[in-house]
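Structures follow.
Consider the two complexes below, in which subunit A is the common component and subunit B and subunit C are the respective partners.
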Partner chain A sequence: MRAARAAGAPRSLVMRYAKYFMAARLGLHTRLAYRGNAIGRSLTYGLFIFVYSRIWTTVMAGRTELGGYGLSALVWYFIVAELPSFAYGRFFGTVAEDVKSGQIAYLVARPWSFLGYGFAQAMGPALLDIGSFAVEGLLFGLLLLGDCPLRDPAQAGALLLSLLLSGVIQYHFQAGIALTAFWVEENSAFLWIWQKFALVIGTLMPIELLPETARRMALRTPFPWIAWAPGRIAVAWDGGLSPALLAGQAAWALGAILLSRLVYAAGRRRIAAQGG
Partner chain B sequence: MRRNGLGAYLRFLGAAFSSNIQAAMEYRVNFLVQVFGMMLNNAAFAVFWKILIDRAGSIGGYGFTDVMALWAIVSTSFGLAHVFMGNIRNLGSVIMKGELDVYLLQPKDPWLNVLVSRTSVSAWGDTFYGYIVLAFLPGPSVPGFLLFTVLAIIGALVLAATFSAAESLAFFLGDSSAISGALAEFMLSFSLYPETIFDRNARWIFYSIIPSGFVAFLPLAAWKSLNWSMVPLLAAAALVYVIASRALFALGLRRYESGSQMGTRL
Partner chain C sequence: MALIEVRSLSKSFRARVRASGFGASFHSLFKPQWRVVEAVKEVSFEVGEGEAVAFLGPNGAGKSTTIKMLTGILEPTGGQARVLSLDPSRRRTQLATSIGTVFGQKSQLWFHLPPSDSFALLAAVYELPRELFLKRRDELVDRFGIGPWMDVPVRKLSLGERIRCEVAASLLHAPRILFLDEPTIGLDVVAKRELRSLLEELRKREGTTLFLTSHDVGDIEKVCKRAIIIHHGSVVVDESMKELRHRALSKKRIGVKYGGPVDLELPGLSPVKRTADAASFEIDTRSHNLPELIAALAGRGELLDLTVEDEPLEDIIAEVFRGGNAEEARAAARATARARGGLGDGAGGGIDSGDEGGRAAGSQGVATGKQGGVP
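Here is the complex of A and B:
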């Protein structure tokens, strides 16, 4: 009996999480059905890489480094730091719409976690996006610079993990912001503020270029852990610093999950369903 | 009585603008959120440029004031284009879904009618942002303000003509949203960065296919030197782009097939 129960435990664990894999697959299939939309975003990503490579080339004319980064490192940094913006920038809309439309009243009654299901459904296509943008970025980088900063398999693995953690942070903070729709219907301004901080702190340029006080303050916020951490791992692999960056991201990912769950728990009490 | 003379068109444009404003103001909180959100969006880039230029010095000869003046002109031009012709970016979708019928049945020019039939709420934020930046630039003056406004109107016409031409590709390609969206993104991206960062041999693009030169770089030069003599040249360029864009729409209209969709405009 005990043996049967022991054999059943992993099976029930698989069953428990199978629905989330299905959600990820569902999201992926939906994305694949609308491949045309991806063309425009790919062109935009390529355009941004080109424009910022020109900015950094102009800035670096006559100097060898800026904030510890050379020209090649600055361009590669931008290529990697933009990945979370392009792949993880649209999580807010679905969650906010579920709350505003009242759809959430149906979703909370389903036999899965609302946030867990939403995360799986969003990350399925987002990981496809990360992969396709990364290939595009790699091609652009090789074309523009002729070299690649990824030399160590451990570095490539750390970068993948870092991008994944970045997705966890982005989804749960955006979901937390979206769930404020329980109290404030026009909550898109909160998302814009979030996005703009994320853009300036670590996406458009490494935080090493910020003034010293701003840089120290930034490190106490979640923003650098979205784009700066993977960007830094990609261009300046450091056996000492990189694990610390991953640990920082993991801590913020955990914080983001807790925060989104707290907001969800508070908001859920406001759901009023009537029969019909 | 001429029902399609200049006076009639001006009255029509006034009526369209008025009804668009009323529709936008119906949701005031949404209006304010979008306006301030867009201003915040633009301000984030000002922070980026401030940090970068403080750290690296001028970029291709552009100091912080130059970049902000560039942003002010382009932002207000973009804003005006979308405040008065807020349906530009939907033109391709209107064509593709066969929704032009309702405009074709009306007595006014269908191209203009489609473009002015909506306002973009967030574009009000872009329009205001340009003037706010202008107020903080060194040496504000009444002639500078007037020239800025004239240049922004010219820029708005060039932007509207370019976006509309990109959207009109839907007549020829069907779902051209990816291409038209990318063209619009190219237009904006090249306009918002210093011209000097781009290769000298490639800059002809900014005075032809992607006319950032007439929206951003030449207006910036004119405004910085308070040079009114460049205005006729820029206005002539804008007229050429508007005529070309209208001609492309007319050419495409010959290929248009009605979706037999029933529609009303209230």
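Here is the complex of A and C:
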């Protein structure tokens, strides 16, 4: 047997992308092998939902709506908007560690896209996480509020797509930040800034609650497209607005992919091998 | 046909100089100092199909940097490399489908998963049709004897078991060239021996070209037919193992033990160890006549014991690393001439006869500036 698949031989589309599917599957296997690690985050997510439901109950005392959202919608919004934070919040670490430890040198030696592989490997377990957190959130929401805002199958489909796009945006922005490790040894401060903006702009509360100018400015950043878009689709389903939200997310997803690729291309030339 | 062609290949990068003390650290914030490290300097050689080449050198000599340039991980700063007629840095992905890599110090298997999962991922990565993958996997599992470990998480395997799985995994796509960087590091004697015979068998059966770096002389002796020795980034020796062994064979260690105190003053020869009734000598058979010397030693007194040993190959290589004699300079010149001849235009590269550059401390300079630098 010589050169199982010779260099330059034609490749089918399925075989070309099977490696990324397999990477996602192996990422999922790894997560399942360490399923106990998710318990802490599940407890935290449940605690956050409970605390925020109390906060919104206090804030909404004597009101019927705030920024167009009622009490139930605000709590459900929080339940959905927190999903990307809990499921997609840890992409940075793996990429940054690959760069700092030099592991990236061995990963780029394979016939795949480094970022494509990283994305697939990260999204496999992240999709499991988002599914399990969604079930937990649904149960908490039903216990606390007694109703569910998801009624239309098209709404459920749009929410699913929105959460996927949110993952694409989160991974590629976090990877772009992580890849700054090519230049800056300690780059976790950049992630901290990113996370805080993402938290304030669209995760803790809908951007409709921000002052008008801040809201308009926020819409020009990637942050609301991570949590606000899926949260809004979940609680204020609007057949007219939702495609625009998904389109906005898709545009930011493309921007994030482009940005991470640019940072990677610039950083890749700096891979050093002194010391083996 | 040369599968690997390297001509005047160089790699230098800048490392920031970290001065000690608060004042110097503060100053470096505004005016950083950089040190230019020439990791590889104008290295030239060729490797033909089916060859097994040992690429040797002390720590920091530039071995790993060279391998990483040949596999497309690093971009050279000078010269050029062609592997399977491809420029590794520009056609990395295409090249990766036809080469295999094993880095002894870095696992390429997924640590938390069993090797069977890693094999399945690698089959997808190398786009192997399923039937071909299963056939090849079973063949490798059988040949490497790794069946019992295929379903055990890699983190639970011993180093020897893991390395066998690593090498088997690197062969899944039947690469034409296998680059091995310190494959036996940390292995026990038995595991080393098994791995070496597997590599030798692989080369014979599949004609795979092996390019191996190692600090272990056993790897070199058992697996390789040719040695390229690199030091301070330059090739200082490029010759067949036969030639290298011949050098070792020309050096002998002679030990003598007598029944009582003897006078061992011999013209042109002084012992490296001496007691009243025993001594040991190191001689070069090209300058001393061995039978005459033994006869002379036997005539000095009541001889109880006499031993003649070859100088270990390890010592010869260590001597080259230290740059101890002019012979290496001549070997370097031969290597350069060979590489130049094979590559055609003779431009640059290598070390000229008598040039001490290859053994001098690596050229370094200091530059200042803001851009560049290496993490």
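Keep in mind that, in the parts below, the second predicted complex is superposed on the first by the 261 of 276 C-alpha atoms of A that agree within 3 Å, B and C clash if a C-alpha of one lies under 4 Å from a C-alpha of the other, contacts with A are read in each partner's own complex, and residues count from 1 in each chain.
In the analysis below, a contact is a pair of C-beta atoms (placed from the backbone, for glycine too) under 8 Å apart; a residue touches a chain by one contact, two chains touch by 3 or more.
Just so it is clear, the model here is predicted, and its values are computed rather than measured.
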By the touch definition at the top of the document, which applies to A:29: first (subunit B), second (subunit C), both, or neither? second
By the touch definition at the top of the document, which applies to A:39: first (subunit B), second (subunit C), both, or neither? first
Which partner does A:181 reach: the first (subunit B), the second (subunit C), both, or neither? second
Quick one: classify A:221 as touching subunit B (first), subunit C (second), both or neither. neither
Contacts of A:269 with subunit B and subunit C, given as first, second, both or neither: second
Now for A:111: first (subunit B), second (subunit C), both, or neither, which partner does it touch? second
State whether subunit B or subunit C is in contact with more residues of subunit A in the superposed arrangement. C
With the two complexes superposed on chain A, say which partner A:103 touches: subunit B (first), subunit C (second), both, or neither. second
Share the list of subunit A residues that count as touching for subunit B in one structure and for subunit C in the other. none
Subunit A-touching residues of subunit B, taken from the complex the two chains share: 29-30, 33-34, 36-37, 40-41, 43-44, 47-48, 51-52, 54-56, 59-60, 175, 177-179, 181-182, 185-186, 189-190, 193-194, 196-198
Under the touch definition given earlier, write down the residues of subunit A that touch subunit C in their complex. 1-8, 11, 15-16, 18-19, 21-23, 26, 29-30, 33-34, 99-100, 102-103, 105-106, 108-112, 181-183, 185, 269-276
List of subunit C residues in touch with subunit A within their complex: 11, 13, 15, 37, 39, 59-60, 63-65, 68, 71-75, 84, 86, 92-98, 101, 103, 105-106, 108, 110, 112-113, 117-118, 120-121, 124-129, 132, 136, 153, 172-176, 181-182, 206-207, 373-375
Give the list of subunit A residues in touch with subunit B in this complex. 36-37, 39-40, 43-44, 47-48, 51, 54-55, 57-59, 66-67, 186, 188-189, 192-193, 196-197, 199-200, 204-205, 209-211
